[in-house]
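Each in structure tokens, the structures are laid out below.
In the two complexes that follow, chain A is the common piece, with chain B as its partner first and chain C second.
Coming up: the complex of A and B.
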């Protein structure tokens, strides 16, 4: 028996994980979910802003991180449009503007938000990989980075750009970031140099690094991975892709934990037998 | 088949090709892998050419916007770029080091000023800050309060802004009182520097409260004027409503009279739109009317309360510094209660501001802001009645903080400070032991060895939690793909196979 498990083909583990993910997606379990304090902090920041406030949302990711960051983007947009805030999208990733368009197209119609009046996609600004230069430009003169928007129209033709000249005009800046460039650049330049309020949505891989920024007050709120997105959806009372994926996420984690415990038990038993 | 459906099927096919590697290596996996790498490289190359060579070099140098001169400074990065490529020519490869040196130097220079501040200074500050708070230095909170009161005295703005600044001051003052009460209970060294500093803080607070009163009186005057205009607004809105009514009647009469060759649908549609507009206006006017009585009452109450508060502050508030420790404690408690009365006034103000901003929202139904503004003698009717809206939102946030603070026991420090201290201690201890582990100039023996060993445990916990997050990220990606496969891909595939 011990030999059987020791020599178990790893493909069985893959199959087990696939089943643990697939079944809850087909038949949701409705497991409870409590939002973390850092998720609540970001939610409260947006919620406390007066109606019509400006929110800069940086789409610093590409399709590879979409499953984690897209639900966050949509949850934040739901909240922002519900509160009638103005959303200014920009990107430090080349694919960011497409990600922004996708998120806007899924949410804007629900709240009858109009392009150029309630939200705008400024596009991607090329620069070195660290993103420091780009964010420095955003903080001083946004028009230098984006003379035209993603649709190639001059910014002066949009009413919502009349009083938006730099990130300093935004009540809150949020970076949805898959790594560098992204949150580190906003924290290092927009927060550390200009003292602006920064919120972040990051992939789970990079989340541990950013908790330090949240604890020190350099980030006003943080969404980490799919769990963060799902927590925001709970607070916002919407059922998005974050929540629908959390059952599968929990089941897969449970299977992994059981496998780790089981493997360790086998190891201990084997040791005992050897003795 | 539509192009979109084709891309969904292709994406699904490529996803399955990649997943087939989990079974074993195969040509389908190789095909998908090479396609992905090739497409990514091609995409990045195209972006590089478009975003850098074309937009940042070609256009500013050779095809500048009308009225702009070519930017010849860009020749420098072009030359440096050529230097970089020379790395491929062995004889002159050394030239590339100049360009590399500039890039590395520039990046480090930029990082030094930004990342050093955010990643080192602020992080170290955040690590030691909880210890400073727990240190129990009575002068720390006094100094903080003195700084805030100085800022408060220098602050100039409209009544709502100055009262908002006072809110922040009082929040700090309450914390300070509680802190001092803890520290000095039964132990006030009379005539000591602490004694004198405390006296100063009491005097400052009295001044702030008196300054506030001036603002309150000014605000009360403004609110009374706003309430009067609100009364007038009703008359103007009724007139506007009649205009809308007349417009509908005229539209119907005109079209009947001239018997224009217009379709019934056109007439119906127009009348429907105008009727909807009329209904909205009636609804808005009803709400404004209902609200008017409440506004008149609350503004009158507010004016009366201000008078009462002024009397309390001028006559009853005991800001004279007490001579004994028990007097001091009693005085702190009395002043704490008195100051809480001020918060009740703030709450009333918030309620009035909310009522006015709701009226501002109703004015949107009339689409006659300019006419209304002219008749009321203000720049914008909506803006005028919503002028307190933004302040109200920030006041609401602050009042929430007061609620938490005042609901707690006056004689104890906030409970979270203990857990904050424990958390801060663990973090600082972990940082220290990890640093010791990475210090190799001393042999890891004795206390250093024990510390280094504890540092390893901290590192293991850190790596373990990071690994946990990594698993979560990878599973999220798997979930994303699974959602695509059982959603879009499967439904498209089913339609394709059924020939629909």
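Coming up: the complex of A and C.
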């Protein structure tokens, strides 16, 4: 018996995880969620901006991190459009502009936000992997990075671009980042060199790295993983994919914890038997 | 000179970038901006080089029929199909087709969607029409004889092949699947390897346990249950798991991360100085 559980086929573990994720997705548990302080901080930053403020939103992710970062993007867009802020999207990832289009198409219509007046997708700017060069250009002259928008139209044809020349014109810059290039570049250049306010949304696996930036004030707010997105949805009073995914994540965490506890019990029993 | 010239270029470029960081000057800012642009251009060349290398590796694998060479065929086919459709229709959600007035009217009569008519502005230079922006057309210095207007007929179509099939239909779900597989492998690895074999491993285990429960809503349910089961611990409210997880993330985790980042940054500064002053020339090759 002990041997069976010790050498448990990993497919059994996979099955347990699959069931624990699937069941709450089919039948949600509706567990209450308390937003983290760093999530509240980002929410408060956007909420405190005067109506019509400019927010730069960098889509620095691809479909692999979409399940975690897309709910964040949509929750932030809900909030920004509700407050009638202008959103300027750009990307350090090649797939970023498509991610931005997807998020805009899911949210803009609800608030009757118009392309070119309330939001714009500037596209992807290629450069070295660190992203430092790209962000340096965004901070000095956005038109040098994006002479045309993602629809290949000159920026001068959009009214919302009239007073937007660099990230310095934005009241807040938020990077939704799956890794590098992303948040580290915005912190190192936009914040450290130009003193701009930076918010971040990152995957759960990379979130621990960014708490140091949040504690030092280099990030004004931080959304970490699906929990961050769900917390923002709670504050924003919307039911998005973040909240629905948290039940599944809760169950998966619980199953993993139970598996770890069980495997450690086996380990202790085995030790005792050996003695 | 084969080594001296690159060393000199490295020194001058680094000097301008460092000076731009510490001195507020329009000239330095322009030079640094240009260097940033050049870096992006050079990085694009690296991308082409990478693609070439990828091709050569996989063609070689197919030619020599090395292990898993069938996957190399799929890679090259996938690449060729993506490039084919991207060349035909672009990589955006929609693509635009220019129409004649007659084609436009025929399609409008058929009730097709995405039809657009746009005003276009021209300057007449030596009997040739040059397309210009509306702002240029409206410049008062230009005489009426030197200007003309016209109409452009277009149809905006959905990019079903590249954006619909390749990006949203194949690439998007495949990438999400690859990332999602992590959860399954992590669970399996945790079951097999996460054992309290030493003090360090036990500390890691306990903190992982607390953070995993504290970061999800079910932590509050478990917290409530435990608080009821072990009343002598005096645990108040249902969010005590979350409070402990928040403490771990913002205090010990942030301190550790800071130490790693500061250490890495100091290492990077030292390495940069070595490259700047040519103590380190490995990047120039060995010849």
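Please note the rule applied: the second predicted complex is superposed on the first by the 275 of 275 C-alpha atoms of A that agree within 3 Å, B and C clash if a C-alpha of one lies under 4 Å from a C-alpha of the other, contacts with A are read in each partner's own complex, and residues count from 1 in each chain.
Everything below uses one rule, namely that a contact is a pair of C-beta atoms (placed from the backbone, for glycine too) under 8 Å apart; a residue touches a chain by one contact, two chains touch by 3 or more.
This structure is a prediction, so every number in the text was calculated from the model and none was measured.
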Message: Is A:26 touching anything from chain B or chain C once the two structures are fitted on A? First, second, both or neither.
response: first
Task: Check the contacts made with chain A and report whether chain B or chain C touches more of its residues.
output: C
Task: With the two complexes superposed on chain A, say which partner A:56 touches: chain B (first), chain C (second), both, or neither.
output: neither
Task: Considering only the touch criterion stated at the top, classify A:215 as touching first (chain B), second (chain C), both, or neither.
output: both
Message: Let me test your reading of the model: by the given contact rule, A:66 touches which partner, first (chain B), second (chain C), both or neither?
response: both
Query: Is A:256 touching the first partner chain B, the second partner chain C, both, or neither of them?
result: both
Message: Taking the superposition on A as described, I'd like to know which of chain B and chain C A:48 touches: first, second, both or neither.
response: first
- request: State whether A:245 touches chain B only (first), chain C only (second), both chains, or neither.
  value: first
Field: First (chain B), second (chain C), both or neither touched by A:37
entry: second
Message: With both complexes overlaid on chain A, does A:14 touch chain B (first), chain C (second), both or neither?
response: both
Set of chain A residues, in rising order, touched by both chain B and chain C: 14, 17-18, 21, 64, 66-67, 126, 128, 133, 193, 204-205, 207-208, 212, 215, 225, 227, 249, 252-253, 256
Field: Residues of chain C defined as touching chain A within the complex
entry: 21, 29, 32-33, 36-37, 39-40, 43-44, 47, 92-93, 133, 135, 163, 167, 171-176, 178-180, 182-184, 186-188, 190-192, 194-197, 205, 208-209, 212-213, 215-222, 239, 242, 246, 249-250, 253-255, 257-258, 261
Chain C partner contacts - residues on chain A that touch it in the complex: 8, 10, 13-14, 16-18, 21, 31-34, 36-37, 62-67, 95, 97-98, 101, 125-128, 133-134, 136-137, 140-141, 144, 150-151, 154, 156-157, 193, 204-205, 207-209, 211-212, 214-215, 225, 227, 246-247, 249-257, 259-260, 262-264, 267
Message: For a test of understanding, state which residues of chain A touch chain B in their complex under the given definition.
response: 11, 14, 17-18, 21-22, 25-26, 48-51, 64, 66-68, 94, 124, 126, 128, 130, 132-133, 184, 187-189, 191-193, 203-205, 207-208, 212-213, 215-218, 224-227, 241, 244-245, 248-249, 252-253, 256
Field: For the chain B and chain A complex, residues of the former touching the latter
entry: 22-23, 43-44, 47, 51-52, 55-56, 107, 110-111, 113-115, 117-119, 122-123, 125-126, 389-390, 393-394, 396-397, 427, 462, 465-466, 469-473, 475-483, 486
